[in-house]
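Structure in structure tokens, see below.
By written order: A, B and C. Residues from 1 in each chain.
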Amino acid sequence: MVFTAQQIADFLKGTVIGNPDVKVSDLSKIEDGKPGTLTFLSNPKYAPYLYNTQASIVLVNNDFEPEEKINATLIKVADAYQSLAMLLDLVEQSKPRKKGISPLACVAATAQIGKDVYIAPLAFVGDNAIVNNNAQIYPHAYVGDNATIGENSVLFAGATVYDGCVVGNRCILHAGCVIGSDGFGFAPQADGSYKKIPQIGNVVIEDDVEIGANTTLDCATMGSSLVRRGVKLDNLVHLAHNVEVGENTAIAAQCGVAGSTKIGKQCILAGQVGLVGHISVADGSIFGAQSGINTSIKEANQTWLGSPANPVAKTRRIYAVTRNLPDLQNEIIALKKEMAELKEKLIANS
Amino acid sequence: MVFTAQQIADFLKGTVIGNPDVKVSDLSKIEDGKPGTLTFLSNPKYAPYLYNTQASIVLVNNDFEPEEKINATLIKVADAYQSLAMLLDLVEQSKPRKKGISPLACVAATAQIGKDVYIAPLAFVGDNAIVNNNAQIYPHAYVGDNATIGENSVLFAGATVYDGCVVGNRCILHAGCVIGSDGFGFAPQADGSYKKIPQIGNVVIEDDVEIGANTTLDCATMGSSLVRRGVKLDNLVHLAHNVEVGENTAIAAQCGVAGSTKIGKQCILAGQVGLVGHISVADGSIFGAQSGINTSIKEANQTWLGSPANPVAKTRRIYAVTRNLPDLQNEIIALKKEMAELKEKLIANS
Amino acid sequence: MVFTAQQIADFLKGTVIGNPDVKVSDLSKIEDGKPGTLTFLSNPKYAPYLYNTQASIVLVNNDFEPEEKINATLIKVADAYQSLAMLLDLVEQSKPRKKGISPLACVAATAQIGKDVYIAPLAFVGDNAIVNNNAQIYPHAYVGDNATIGENSVLFAGATVYDGCVVGNRCILHAGCVIGSDGFGFAPQADGSYKKIPQIGNVVIEDDVEIGANTTLDCATMGSSLVRRGVKLDNLVHLAHNVEVGENTAIAAQCGVAGSTKIGKQCILAGQVGLVGHISVADGSIFGAQSGINTSIKEANQTWLGSPANPVAKTRRIYAVTRNLPDLQNEIIALKKEMAELKEKLIANS
């Protein structure tokens, strides 16, 4: 499909700066844009690429003022990233959607399957499982007995939902994620061995949740581990048993949350963050990459960094001094020497 | 099934405090206990919930003395957590056990299959593999050629055991774990490329081991990577080639152990700990979350924390001073100023 | 197969020290070598085992000079590790290679399948996918629509390649790895929720790349995430969308690289390292285990350590002072006290 700058600007409610008739048929990144493609500028870090890009059209924010001549036609919009997202949506929606239950799928006779569902060859759906309307179950995905998959949700290849777990509507489970594996619970015995505590609970995932590839969510010991509406989990994240994650919290790759910890709404965890068990985290908390949180966070909307974590401004000061520690040590050594000399002199003088 | 407090107390050899005739039919967490359920108090952090819980029965330790009036009936036992485990076992054992070899499973003609085995649809068992009595192989699980699965062991959906690896008796392998992938061994070449060192060894897992979801264990370059009896590995753990983990060691989620490192018995690694390769760790060592261990640990039964790790008491002192570093720097600046003033004064006086 | 020390030395172009007629039929590790086996000494840490090993033959470097009597026959070679690799190659190549397309595989009619390919039972190959000559697709592996698998590449059990991704020649994808899952891209909305940014790009993996078990590589938002020729990724690594990894870079287990970051050629990342997004890393950079990199690295061939990272020599000095911080604090307290006393004395004297 080919569109002119004017047609795209009309669709996005934006303004054309330059040739409104220039045509594009594809999207590109600003650093390797080709003629006939549209790209975007959102992160100012990439602005230098704008002046040399070969892309025909660039989406920019309304407040963007070029510092040099630009060959491309600009389309100014309120939010270039959101506008790009709208265009990407169009591309995504133009892809054909898979449908139908493959005769090579393995679907239990007792499972309840909704309308317009895709169940791929080699997918497995267990006894009394429920797969609701428009859900898509890719090859090698697994829906355990008594599990529920909501409307319009997708389980990509090899996504695994253990018995009795519940996945809401419009959820996306990427390849290899595991929902409902046993929590890590053992009672130490007198002989040094561990006795397994059976984990009889489940995982409940509400609507509009995305779960990254190879991320693992353990079921509750009793009751439910809970992932609230709108939560986004990146790849290789670990949520232990009885964890609860509040609405619209985003957790980046390789974070780990230990058992029974409750994370509030609208929090952001950058990559490789760890939270100990049995704490609670206030709404709107933000944790910098590789932070370690070992105590409850009671004040909302604060940003934390470090392991162990402190408020970010404090951590930055600590980091600045830490970088300087060898010099600081030398200053202390010098001070001690001066002090000794001074004392000696005083004794000599007295 | 419905039980009275007295019936449960008799089963657990405990003492009823309150109404022995109150009935329960389910288990619950103390913070959301409902009437007709039994809950427990083990971690003192959760004691405040006890006074408001709607649960009908609460298991507590013998030494627990309430500070306020409690509506629930208490059952006092030697160890509330272990007693809960016994009740959870009852629930677990009441679930029907899967059996039989599905015609939709793919089992090599040369494989040896024991009695009362479950091999699910879409599971794969390779040539000359051995699956012993009562083992359970879930959908999409993979048992490679010449691999062995012990009695009463379970491979959940998508668990993968490479050729020639050995899994003991009563082991649990959670979904997506990988046993026996190649170790990360490469010989650097003159042109900057790497030549793969073939990894011809295997992984041997002894009895009563639990392996978490998406955990990966590499095979040995030669010989065996070794996981001893009673070891418990959480989710997303990585054990490299030729690693050895001693009896009853527990490793929490997202820990990584580099090649050829030997971990002793009865150790505990909290989450996200990393150990470098070619070191050995004494029995009973405990590592705090996010610790980094870069040298052998020779003294047994010590607790370590930090990256790089130090004995925990020392690390706590270091952390306390570190939090205080900006102030400390100011004190040094102040001291330098005072020192300069003092010297000036002395010169003026002399 | 049985070989004499002389035969092996001839094959490796090495020199026999000791009995050239001693025979071996297997390989072993130096710490548990048995008679009739050949072992090797490369890491000097293992030298003490040499004097007691029961192995019949030991490969050593030409410059190795024993400090005690050795029972084993030595074969001196230019590089013991590389020579071992040649022997391991022989063992590896003696294993039978799997071939043929199983009738229990699920291969789309529109897929293009090369010669001498292995497609296992329960493997999936999608529409218009290309599987080139000699490629091997193990059980439960998944090749999405329009994906390409190069010649002589192997997808082990459960390896997943999303639609449209490209895997080069002679690549090894270990069990459970995921190639092409959606990047973690969301536009925040006014109501606090996130709108998904569709990820319409792919992953391109060049030739001679190895991908570890359960490692995840996200597709690009637009264009391609790129893994260059000769890259080696260990287990549980995460590469986010639009990441680019340069030729012959090796990344150890559990490292994470955030979106759009470009890593140069010949870099080495030790375990559990994290890199923030939108930075670039110069060729030949080396990062110590658990490092955190939050800014671009411009100078090539430097070694970095710590979180946040500094040049390794500086970090080692910082670590040395950090270990000493409690003492340093005491010295400052002592200095303050001395200073106060001195001042008091001066006032008294004046």
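Quick note on the criterion: a residue touches a chain if its C-beta (ideal position, glycine included) is under 8 Å from a C-beta of that chain, and two chains touch if they have at least 3 such contacts.
A quick note: this is a predicted structure, and the numbers were derived from the prediction, not measured.
Asker: State the superposition rotation angle between the two copies chain B and chain C, fitting on C-alpha atoms only and giving a multiple of 5 degrees from 0 to 180.
Answerer: For the C-alpha superposition of chain B onto chain C, the angle is 120 degrees.
Asker: Same or different for chain A and chain B, where same means more than half of the interface numbers show up on both copies?
Answerer: Different, since most residue numbers here occur in only one copy.
Asker: Taking each chain's centre as the mean position of its Cα atoms, how many Å separate chain A from chain B?
Answerer: Going by mean C-alpha positions, chain A sits 24 Å from chain B.
Asker: Scan chain B for residues touching two or more other chains and write them down.
Answerer: In chain B, 122, 140, 158, 176, 214, 236, 254, 272, 307, 322, 328, 332, 335, 339, 342, 346 touch at least two other chains.
Asker: Show me the residue ranges of chain A that touch chain C in the complex, using the header's touch definition.
Answerer: For this pair, the touching residues of chain A are 27-29, 32, 43, 45, 79, 81-82, 84-85, 88-89, 91-92, 104, 120-122, 138-140, 156-158, 172, 174-176, 208, 210, 212-214, 230, 232, 234-236, 247-248, 250, 252-254, 265-266, 271-272, 289-290, 307, 319, 322-323, 325-326, 328-329, 332, 335-336, 339, 342-343, 346, 350.
Asker: Which bits of chain C are touching chain A when the two form their complex?
Answerer: Residues of chain C touching chain A: 106, 122, 124, 140, 142, 144, 158, 160, 162, 176, 178, 181-182, 184, 186-187, 192-200, 214, 216, 218, 220-223, 236, 238, 240, 242, 254, 256, 258, 272, 274, 276, 278, 292, 294, 307-308, 310, 314, 317-318, 320-322, 324, 328, 331-332, 335, 338-339, 342, 345-346, 349.
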